Every structure is written in structure tokens, then in C-alpha cells.
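Each chain gets a letter, A, B, C and D, in the order it is written, and its residues are counted from 1.
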Amino acid sequence: MLATLLLLPALAAAGSWPLKSDRARVQLFRAVAAAHLLIVLAMWNLPPGQLFDGSLALDAPGLLILTLSSLLFAGVAVYLGGYLARAEQRPLRIFVAALLALLFAVSLVCCCQHMGLFWVAIETSTLAAAPLLFFHHSGRALEATWKYLIVGSVGIALALLGTVFLAVAATNSAGETTLWLSDLRAGHALAKPWLHASFVLLLIGYGTKMGLAPMHAWKPDAYGEAPPPVAGLLAGAVTSVAFLGVLRATSICVRAGESAYASSLLVLLGLVSMGVAAVFIVGQSDYRRLLAYSSVEHMGILVFGLGFGIAGAQGALLHVLSNALTKGALFLVAGNLLQLYGTSAMSSVEGVLRRAPVSGALLVIGLFAALGLPPFGLFISEFTILRASLAGGAPAWPAALYLGFLAVTFLGMCAAVLPMAQGASPESGPAREPLSTIVPPAVFAAAVLVLGVWVPQPIAKAIAAAARQLGMS
Amino acid sequence: MRTALHILLFLALPPLLQGIINRVKSAFAGRRGPPVLQLYFDLWKLLRKSAVYSTTTTWVFRLGPPAGLAALLMAALLLPLGGGLPAPVAFAGDVVLFAYLLGAARFATVLAALDTGSSFEGMGASREVTFSALAEPALFLSIAALALARGSISWTFVLTGQMQIWHIFGPALAMLIGALVLVALAENSRIPFDDPNTHLELTMVHEVMVLDHSGPDLAMILYGASLKLFLLGAIVVRLAFPFEASIPGHVALFLAGMVVFAIVVGVIESTFARLRMNHVPQILIAAGVFAALAVAVILIRVSA
Amino acid sequence: MTLILAALSALAVSALAAALLSRQRGMSLAVSAGGCVAAALLGIPAAAGQLLGAPAARIRWTTPLGAAGALALDPLAAWFLITVLFVSALCALYGRRSLLASGRAISGQAAFFPLIVLAIAVVVLAADALTFLMAWELMTVLSFLLVTHEHERAEVRSAGLLYLVLTHAGTSCLLALFAVLATSSGTLLFAGMRAPAQPAVLFALAAVGFGVKAGAWPFHVWLPAAHPVAPSHVSAFLSGIVIKTGIYGLLRASLLLGPLPTRCGLVLLGLGVASALLGVLSALAQHELKRLLAYHSIENIGIILMGTGVGLAALSLHRPAVAALGFAGALLHVTNHALFKSLLFLAAGAVGKACGTLQLDRLGGLLRKMPHTALLFALGAAAISGLPPLNGFVSELLVYLSLFGALRLTPLAQAGAVVSLAALACVGGLAAACFAKATGAVFLGTARTPVDAHEAPREMLLPMAVLGAACVAIGLAGPLLVRALELPVAQLAGVPLSSAAPQDTLKFVAALGAAFIASAAALWFARRRLLLARAPAASPTWGCGYALPAPSMQYTAASFAQPLVAVFRTVLFPERHALLPVGTFPTALALEEHGRDPIDRFLLAPAVRAGALGFAFVRRATPSRVQWYVLAVFVALVVLLLWGIP
Amino acid sequence: MTAGLDLALVIALVLCVASLGTSRIGAAIRYFSLQAAAIALVPLLIETRSGGIGVHAWILFGATVVLKVFGVPYLLNRSVREAAVRSEMEPLIGFGTSLALGGGLVALSFALAQKLPLPQKPPSDLLIPVAFSLLMIGLLLIVSRSKAVTQVVGYLVMENGIFLFGLLLIDVMPYLIELGVLLDLFVAVFVMGIVIFHINREFDHIDSHQLDSLKD
């Protein structure tokens, strides 16, 4: 089953290349994404087994993020039909192949139980995304792609170094070492200095990929220039799998008895990210860049939460789900706006609620969800993280800063997005909104709503199991 | 029986107070002045006259005088004469009701004035509410001081048998009386706050508000004004002359006190000039400060 | 609890149905109003039973993530629930008609209204932190959506934004408060919560968080902006109900935090004094009816806070009887203000609909055209001014009684009580002045600009009439109020209200109130008898000899308030734009004064501007070359490596 | 053979510093190629210390030579040829300054290496400091140069440093991972080459000065 899951997109990527028509390619992508989602959903009931002596297997966090990514891909696949029909016509051969490769890479990341293999998978996803960013072939897209590639490659190189250091740290007196997650977490005596250095490198490396400040600078450029559905995939799925890397590294650190060290770094980076995002969100003039900074903020929340033990990790895992779906929904709506108004400058967008009522409503809903307002999932996760950050007589300043940055971000986001949604529309009647462009974001928003009201039992169990990896065994 | 006596006194005597004041003022001016009972004659005359209503006015205008007078009548039920003559209605907190009934009377009058659409009456209403709002803190601080000194918030207790508190809080009570006299003068639009006798509409406060009332309405208003002065005067008198006696003697004592009060008011009206409008708030705030000082003094004494 | 749940589900179902029916405006609005009315009919009896001593009811559950949740109906909740359901049902009925008449798309309005009622009901019923916070924020969001109904207007958008952002800042404090409470006591359930060592710090969080929602000074800036721009039934609901949730939260938090230091109560008292005084003074300086009403909400919240503050202070000093009076005053004023403020806003809405403007200096003489609205507005005005025999007086009296009681506490409390007494007295006078101004400018005299106004339709008048009747009824209810307030007060003060013995007072107040009405009526009829024989004459208003009085020469609202505004100009800082006479024959002259809020003008706006400028500077200064991006990674790497490796 | 190992490492370090000082792009690519050759020898030299050279080391050597010594430089040279740009103009940091900074970073690397004691004695004491130096100087190249190709060279130098670290684990790392790493690297450079090609077409020269239109 695991093999099917991985081979399906990989083979489809290769198979899409010789296809004659772009239409068929998109259909292929849709079919693969749908099949992928079905397989992943089936895995919740049937244990998927393992490959290569367990190098590839699904544990609780892997399954959660895999499901999430699969859902996002499926949604984007549905959306692409309507989007591409109205977008600038370009050959789709590379685009679809890269999409399928990205799906393969993302699925692979979720299954990796070996840190070296994990790195390879992440690097593959980085490379697969590059052609997607460059889809429009404009000068700006080029610049964004270049920045993404260079910063991403440097980051990922550092993660590789971190992986090597991890292996060095795990070297025992017999000169043997391991990069298997199960071994690393089994309480092997790990060499402390190397472990510390390795954690820094992994955090910086995968943090670059997530878009944690100060390694985030590529993100607004890339998200601002990529086609919005691609940006949605990057902000939803790719950042989430990168987070999986940080999660793995943290769990190793915690099991090695270094949770205080890991926490201090995670909290620091989390707060820096939230602070930087807040500064750049207030007064932002481009809505796609705004969403990118919002993503930086939420990545900050994720690692901040990870810094506070099992409870914090539970919040962070719930947050990963809600945030990815919210970002997916928002970027898809941003795609609709881009096609409707032809620009991503906020000053030119007004009265969306009047001109495109459904997209407008989804924009407002997505905004509220992203801001952590109930009844959406991010409210629960942000509150859980807040509670975790105050537990056990911890100092109050991180929590205070966390709340402060959230409030500033709230101000910035509201001041930016609400004037777009509200107001009078210059056009008379509402524009036509094809179903395929509104159903996926609506489904994502509904999922975030469900996560906020009543987390389904299996997901709650998986979150609990995943969070337990962050506790001492 | 006592209630009946109380009601009789409070209903019958107020216009007399006006008469005395006017006589005092005439004496100062070297005139003989109108009869002491002049206001009774005026009221009788007005009740027999018809009324003229402005075409602008509505039921609000007509409701003003009855409602205003009714409120003052209710307020009259709350004040004791002391010396075995408690108020017909006494309960904890009647001090507040008293003040707010005066407020209700004012509200009715002010709305009636605004109903005419006259710029002059609007001006008068504006000044009325301004001055009374500023007088309100002084009144309540005085009440607070008395409440502290007497341990009660009912006029009947506050104003009865308070002989001994003069020994303890003498200076504070003197300040209080000063503040209350100022409040009484301001509430009744008398000199130095307003000159009830002037005939220049632009300078007036209360009188200008009732320009358009006539006949029975004016009678109610005039009577109400005298009742209001009587009520506030009664408080001052009970404070200033805290002597007690048997009922007939006490009533005589009280009435003597009221006469003294009327004379004092008359003297003030004859010897002071009316203040400029923009100085009025300062005086009222000063009254409030007096009352606050009294409260402070009493507080220190009470807690010592 | 079954009835309560039925009421909640009626709200939920009607919201859903209204959303589904949103294409048919009439149906949708009817369903929405019907849901609110049904909820009131189901919920009020249940809550009333609770007030009369029915056993406390609760339901509990556990979420899959392991958080415990609960809804519970206790007397405090019941008191608020009755107010909420009653007023919201009337606002919904009014809103049905007024939105129908407005002729514009109702978008979400029909669905949002039952939803926000539901959210508020859950806020009141919530017995755990998470449910409370969720309902709380939901209420914020929904009220934002309701406020920005007419979002084509820029002022509506900016007011909505201000509201959303400021209340969310308040919610941040609440998140912190409940997170600390939950972590220190290990449970989200209110029942198991214990305050950690310093309840004062937590109380400060609660005061800010709930203070913002309540619109207490100095957190009130959003209120006068947001309330006037909403549709009138929404303004009525916001001013009447939504801000009261702040008070509810404060009371609930004081229960959760357990015994509080005296200074907490005194701080609240101070906030109350400031809110009441500055609220009413700012109201005096307003030229627009709904803005004026909005500032009066701040004033009344101040009065409520004064009662609450005295209650908490007295409680900490072990004087439960005084505390009982303070809490009783606060609770009763919550309900009273809900009644008369929503009445006033609804009446203002009818005026706005009839005349197209609410600028006081453009209205006038509407009493002849809208007699019923005028009567109801005047009734509300008298009630909010605290005049006997109406309900506002009764609750203010209870606050006065508690303040007098506080004169016997510690020196600091005594000082606070003296200041508060003076302030409350002044506020009473000023409120009466302000409402005389408002009533006079809108309904009395003659029209300042020609308008073709008509009386509001019966469906809009009826809810207003019910509210007015409730104002009178509470004013004359007397000792019945003690019975109703007994248990909620006991919950807050530890002793029932009757132990403070206000029965006599309330009895006499009611009796004198009735006598007042009766004697006024008697005088009215006596005069009629006198005038029967001599028919009164009609003539124009006496113009003091001036021959050609015109409507524009009437005293305006602005000039009416001018003396008071002048006295308090050091507090109000009115903005003045004057075009003064120049030369021998000056031509154009103008003088404008705006009572712009000092907190907004000198604190909030400059802070926001400075922040925006600073952030913009950082944004512009941030380089955009990829080399710098990599440098940032490099620096982060070196710093963390050096920091992390010993 | 410790001397041989040290020699290879020192050569790599010198070439790396040299690439900091050169203004010619072609030279920089050549230095990288030579450096890769030196580094490709390192696994063999390590293995010889402990006896025979394993299959694993041979495979690594072969793959490195094919991909890094020839493959990557070929790709880069092609880009440069097409872009018709020969020299690094207007570096963000001057050559002299970069050299000085490079010296500082080498010193820092030696200091860092002191702080990270290996569980077992490394094949050479120079291995870790040189690896750190390559990493840092690679980063410095990316930061200080304005031509896209030079930045790629910087990235590759950095990658070489990581490769050296990886050699600490030569006995225990699975092939699959190492090959995956190498392959990924190659694809990365391939993709970068394509982007450089497009940059060239879009902006007429591969000056990443041009690439700063995206900002807030």
C-alpha cells in the first residue's frame, strides 16, 4: 500500500511527460491526486505496513501530515481546472510533471523513518517546487524562483550538515552510528555538543524551508509570484512537511534529555518569526505577500508551541492541520481575486463581497480562521499552545510576547484584508464564480471549522500519539 | 394627625416665604413693597384666568407644570419638621429620592420650555440644567457629610435631634450650611445666580423658561418655585436651628427659623449683585468644595 | 436545562434557516425574529425559575482532545440570560421590520442575529474557559459583521475595524487570564478553578479584557465609533446587551478569582467614576443622536462599574450587606440600561429612518409627526436620566445606598465613596441635561429643516412600547425586585440582598412613584377642569417682541450644551475650527467644535501612527537582494551555534 | 598516509580561499573542479589508513569525480558561455575584503572545531576545521558575489564542506543516502543552471543585482 502510494505519483510524473495534450495532463493529475487521497484515507483504517526494512513507514505525525498534504493536493487539483482555464495559456508539460513530483516528494517525506532519507526527500520537494514557481516565466517569477532556490538550497545544505552531525552524535564507542529515528529516539547516549550543533543546523535548515524568520525572506517573494494554487501547496503542504523535520529533530533532542535546550531555541525562533511577521504584516500592500508573512507568523507559532512539551506539541500539531488548510483556502481565494482584479495590490481590490460574494465570504472566513478566531481550529490550537506556555510556573514573558505579536498581527491582517472584502464594488453585478474555484477553498474552510468545533476522534488520537513522541519515554 | 399637620404646613406656607423675602428687599430699597400675601393673590388670580398656548407646543408643554409640581409635592413628603414631627414618608435613601424628585421637576420644566421652540426659553433651559448639574455634587456631598455625622441616610433621622452633632462637628456643619444655602439659591435661581425680578429675558435663568406659561400653568409653576425654596430652606433651617420642643412649640420654632431664612435670603438679594453667567460655575464648584471639606472633617472625626 | 437547550437550539435552527432562506428577505427575517422570540419564550421561564430557587442545572462533556466543557445555569447567569433573551427578541422584531423597509440586501444580517444571541447566551451559560472564550470571540466576530452591515460607507468600515481590533486586544488579556487560571488549577472547568497567588494581577487582566468589551473608560474608544454606524436594532442590541457581557465577565471573573484585595474593587470604582463622568460629558458635546446615545452607554457602564467596585471592595472588607447593595445596583442597572438604552436606540432608528439624518441641529419638532416614537423616546430619556418613578432611578438608588454604606469602610474606601457620590450626583444632573437636549432638539419646538417624516410602523413601535412598559414596571416593582435579585446577589456577595434590608426603601420608592404619577395626573385633570370654562387661546410662541421668529432661530442642541461644555473644556479638549471675523465688514464666519475623544486623539491615534511609521521604516530598510537573505541565514546560524554550543 | 590526507585537505582549503580572491568566473569554476578532485580523493585516503579500500569508497570516489569534477563544472561552464560573461564585476564585498573575511572564517572554523570533540579520533585533525572552513567560505561567496554563477559556485563549495563532514561517517552511512545526496546536488545545479539560462535571457546578463524588484 505504501509502495502504491509512493509509486503512483512518481510513475504518473514520468507518464505525464509524453502525453499529447495539456488537458490530459491535468486530468491525470486530478485522477492521481484523488486516488492518492483515497489511499491515504484508507490507511487510517488499514495499517499501511513498511518498506525497505522500515526506512519507509507511517507513524502518527507522518500519517497526519500525509493526510493533510494529500487533501491539499486533491483540492488544488480540483481548483486547477477552473483556474487554468482562465489563466494565461502556457504549456503544462513541466508544470504537471513537477506537481506530481512534488506530490511524490511530499508523500515520501511523511513516510521517512530515517533522517538521511528524510533529507533526500525534502531536497527533492524543494527542487520539484522550483519549476512550479517559475510557471509564469516573467522576470519577477524568475527572481522569486532564483531566491527560492538559493536560500532554500543553502538551508537544505545546512540541514544535511545537521543530519551528518546527528550521525556523529550518535556514534557509539564501537564506531557504529545510526540515523534511524527509532534508534535515535531510543535513548542512545548522544554526544551532547554534536547533538546541540546538529539541532541548530536542522532547525535552521528545515526552518528555512518552513520559512521561520530570519530565514524567511524568500517566502514573500516566492508566494507573491507563484501561481496562487502553487503558493497554497507550498504554504500548506510543503511547510508542513518541513515542520515534520523540526518535529523529528525536537523529538530526538527531547528523548536525549535535552528538552530545555531545544525549547529555548524553538521559543526564540518562534517569537522572532512572529515578531518579524507582525512588523511586515502591518501596512502590507500586496495580499499574496501578506499571506506569505501570515504563513511566517504561523510557522513561528508552530515552533513556539513545540517548545512547550507534550501539551505544546499537541497544540502545534493541531495548528499544523488548521493552518495548512486555512492557508490553502486563502491562497485559492487569492487566486480567484487575482483573476478577477488582475493584480495583487490591495489598493486595487475592493468590495469583493459584492463583486464575488462566495469568494468574498471565503476571504473573510479564511481571514478569521487565520487570525485564530473561533469557531475555527486555530483558536483551539493557539489557546492550547498558550496554556502550555504558561504551565509549570514557566516565565510569563514568552506568553506575553506571543499574545502581543498575535494582537499586532490581528490588527495588520484585519486592516489589510477587511477593506478588500468590504466596500462597494465598481462593477454592477456579481461576477461568475465557477464551482471548481470555490468548492475546494470552501471544503478547506469547512475542515478548519470542524477542527475548531469537534476534532474527530481518530485525528485526536493521532495527535495525542504524535505529541507523545515529544515526551520523555 | 401629625401627617396632616405636616402636609398643611408644607402646602400652605411656601408662598408666604416669597412674600417675606420681597418685603425685606423692599425695605432695603426703601419701598413699602407688596403685601406679604401677594403671591397668594397672584396664584388665586392666575387660577381663575384662562391660558394661552403657543401653537408650537404639544402635550409636553402642558405636562410640564403638573409633573413638576407633583414631583415637588412628593419631595415635600420626605422632609421632617423635627421635634416629634417626622416626615410622612421616611426610609433609608429618601435623601436620594428627594434630590432626584427635584431633578424630575426640573426635567419636566426644561422639556416644557424647549417645547415652545423659543430661543430664549432654550437659553434659560440650558442655563438651568448647567447650574443644577453643577449644584448636584455640592448637594450630595452635603448629604454624605450629614449621613456620616448622623449615621443615617433618611432626612427624618438626619434632621431630627442633631443637637449633639453641633458639639462634635460644629465647624463642619457651618461649612455645610454655607454650601446648602448656595445650593438652595442656585436651585431656586435667586441672586447671586439669577435675578428673579429682572425683565431682561437674556439675563434670566428660571424665569425665562416659563415665559410662555400662563393661567393655571403659571400658577402651578409659581407655586412650585416657592415650594422648592421652602423645601431647601427647611433643610437649612433644621440644620441651623437644631433645637427641639413639644409639637406646637416646635412648629413655632421652625416657622421662626423659616422667617429668619427668608430674611437672610432677602438680605442677600438686596446686597449682592447678580454674578456674570460664566462665574456661576465657579461659585457652585466652590460650594462643592465646601461640602467636600465638611465631609473630610467629619470623616476624620468619625474615624478618630 | 432542557428548556434552555431548547431555547439555544431554537436560535441555532433559526439562524440556519435564515441563512438558507437568505434569497427571500421576508421569510428569512421572519424566521430570524421568530427564533429569537421562541428562544425568549422558552428560556426566560427557565431562567426565572432559577432566580426563584430552582436547583442549579448543568451539562458536561469532554472533547476528543481531552478538554472538559460544561454549560451551567446559576442565578447570576439566569439574571443576565433573562435580560439578553428579552431585549434581543424585541430588537429582532424591530429589526425584521426596519430591515425590510430599508430595501437593501440583508446579506447575513438575518442569520447573524440569532447566532449572536446564541453566542451571548452561551457566554452567560458557559461553565468552562474554552466554551466561554469561544462564545466570547464568536460574539465579537458576529457583532463586527452586524455592525458593518452597510460596509459601502467608509466610516462604517473604519468603525468596524476599530471595534474588531480593540476588542480582540481585550480578548488577548482574557486568553492570558484563563490560560493562567486553567494551568494553575489544572482544569478548564470554572467549578474547579482556583486563583494562584496574586489574584490582583489576574484581576487586572480581567479588568482590561472585559473593560474593553464593556466600553469602560479608557478602553471605550471603539464604542462611540461602532454603535452609531450599525443598523439601529443592532445598535440597540450592542449598547443594550453586548457591552453588558463585559460586566458579566467581570462578575464571573471575580467569582473565579476568589477573595480579591480591596484595591481591585477601588480601581473598578475609579474606572466607573471616570467612565460615568467622561461618558456623559462627551455625550453632551455630541451633535449626532446615535453618537450621543453611544457615549451614554459609557456613562451607564460607569455606573454599573461603580456598583460592582463598591461590591468587591466591601466584600474584601467583610461588609457583605454593603456589597450586596452594590452588586444589586450593578445587576439591576445592567437590566435597566439594557431596556432603556435599546428603547432609545430603536426610537433613534425610527427617527433616522423618517428623516434621513440624526444630526441634532437639523431635526426638531418631530413630536407632532411621530407622537408615539416621541413619547417612547421621552420615556426612555427620563428613565436613563435616573428620574423617579422609572427604573433607572431604582438601580441608581441601590448604587447610592451602597456608596453611602461604603462611607463606613477603610479610609481609602471612604475617600473613594465620597468622590463617587459627588461624581454620581453630577452624572445624574448631566445626564438629565443631555437628554433634555436630545429630546428637545429632536422632538420639541419646530423642525429646523423641512422633512417629510411619518410615524414608524406598528411593528417597530410595538417592541419599543414593550421596552417602555418594562421601564415603568421595574420602576414601580418595589420589593419584588428584592425577590428577583436575592439569589444572584447572594452568589456574588455571599449574603442575599434581603440581608441589606432594602425592602422598605424600594417599597416607599414604588409607592411614592405611583403617588407622583397619580398627583401629576390629578393636577393635569384639575387644570383641565379649570380651563373647561375658559377655553385657552392659541398664539405663536412669545418671541420677546421680535416679530419674525423663524425655526432656525431656535436654540440649537449645540448651544444648549455649550455652557457645560465650556465648564468642562479642560477634560473634553474639544477640537475647534473657527473662522473669526476680520476687518470692518467681515463676510464669512464659522465656528465648529468637535468633541473628539481625547484618548483616541492623544493616545491611540498617535500610537498607531508611530507604530505604522516605524514598521514602514523597517520594511523599506529591509534589503531585497538574495545575498542579504543568505546573510540572514548565515548570521542566524553563527549566532545560534555560538549560543547553543557551550 | 595521514600526510596525504592532510595534503588533500589543505589543497582543498587553499583552492577555496583562492576562489574568494579571483575575479574571473571561469577560474572560480576551475578552482571548484580541482577542489572537488582533491576532496574525491579523501575517502580513498581515509580508507587506505585502515587497510584496504572498500567498494563503498570506490563508488563514492567515482560518483564524486563524475558528478562534481566533470558534471557540475560542465553545466556551469555552459551557462557562462551562453551568458557570455567572463568576470565577476562589482562584487558586493571587494576581493581583498573577502579574502580577509575568509581568513577570519577559517580561524572561526578552527575555533568551532575545538568545541566539538569527536567521540572517536578523526582520520585527520584537519578534517573538521577544513570542512567548517569550506562551509563558511561557501556561504561568504554566496553573500559577497553578485553574479548568479558565482553564487552557485559558493553553494557548491559549501556542499563540499558538508561532504567532508559526511566522510566522518564513511563506514556507516548507507550508499543509498549518499547517492541520493549526490544526485540531489546534481539536479539542484541542473535546475539552477536552467534558471541562470532564463535570467540571462530575461536580463541580458547574469547579474543578480537586477534581481531585487520584489520587496515590500
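In this section, a residue touches a chain if its C-beta (ideal position, glycine included) is under 8 Å from a C-beta of that chain, and two chains touch if they have at least 3 such contacts.
Since this is a predicted model, take the numbers as computed values, not measurements.
Ranked by the number of C-beta pairs in contact, the top chain pair here is B-C.
Set against the Cα centre of chain C, the chain with the most distant centre is D.
We define each chain's centre as the mean of its Cα atoms; on that basis chain A and chain D are separated by 30 Å. Centre to centre, using the average C-alpha position, chain A and chain C are separated by 43 Å. With centres defined as mean CA coordinates, chain B is found 77 Å away from chain A. Here the CA centre of chain B is 35 Å from the CA centre of chain C. Not a single residue position of chain B touches two or more of the other chains. For chain A, the set of residues touching two or more other chains reads 146-147, 150, 154, 193, 197, 221, 280. Touching two or more other chains at once are residues 619, 622, 624, 626, 628, 630, 633, 641, 645-646 of chain C. By the definition of touch given earlier, these chain pairs are in contact: A-C, A-D, B-C, C-D.
Taken together, the chain C residues at the contact with chain B in this complex read 364-365, 367-368, 378, 382, 385-388, 393, 396-397, 400-401, 404, 407, 411, 414, 417-418, 421-426, 428-430, 432-433, 435-437, 439-441, 443-446, 501-502, 504-505, 507-509, 511-512, 515-517, 519-524, 526-527, 530-531, 534-544, 549, 551, 553-555, 559-564, 566-567. On chain B, the positions that touch chain C within their shared complex are 47, 49-58, 60, 62-63, 65-67, 69-71, 73-74, 77, 89, 91-94, 96-97, 99-101, 103-104, 106-107, 110-111, 114-123, 125-127, 129-130, 132-137, 139-141, 143-144, 147-148, 153, 201, 211-212, 215-217, 220, 277-278, 281, 288, 292, 295-296, 299, 303. Across the complex, chain C meets chain D through its residues 619-620, 622-628, 630-631, 633-634, 641, 645-646.
Taken in their complex, chain D has these residues touching chain C: 92, 112, 115-116, 139, 142-146, 151, 208-209, 211-216.
Taken together, the chain A residues at the contact with chain C in this complex read 146-147, 150-151, 154-155, 158, 193, 196-197, 199-201, 203-204, 208, 214-215, 217-218, 221, 261, 265, 279-280, 282-283, 314, 318, 351, 353-354, 368, 371, 373-375, 379-380, 383-384, 386-387, 389-392, 399-400, 403-404, 406-407, 410-411, 414-415, 418-419, 422-424, 452, 454-457, 459-461, 463-464.
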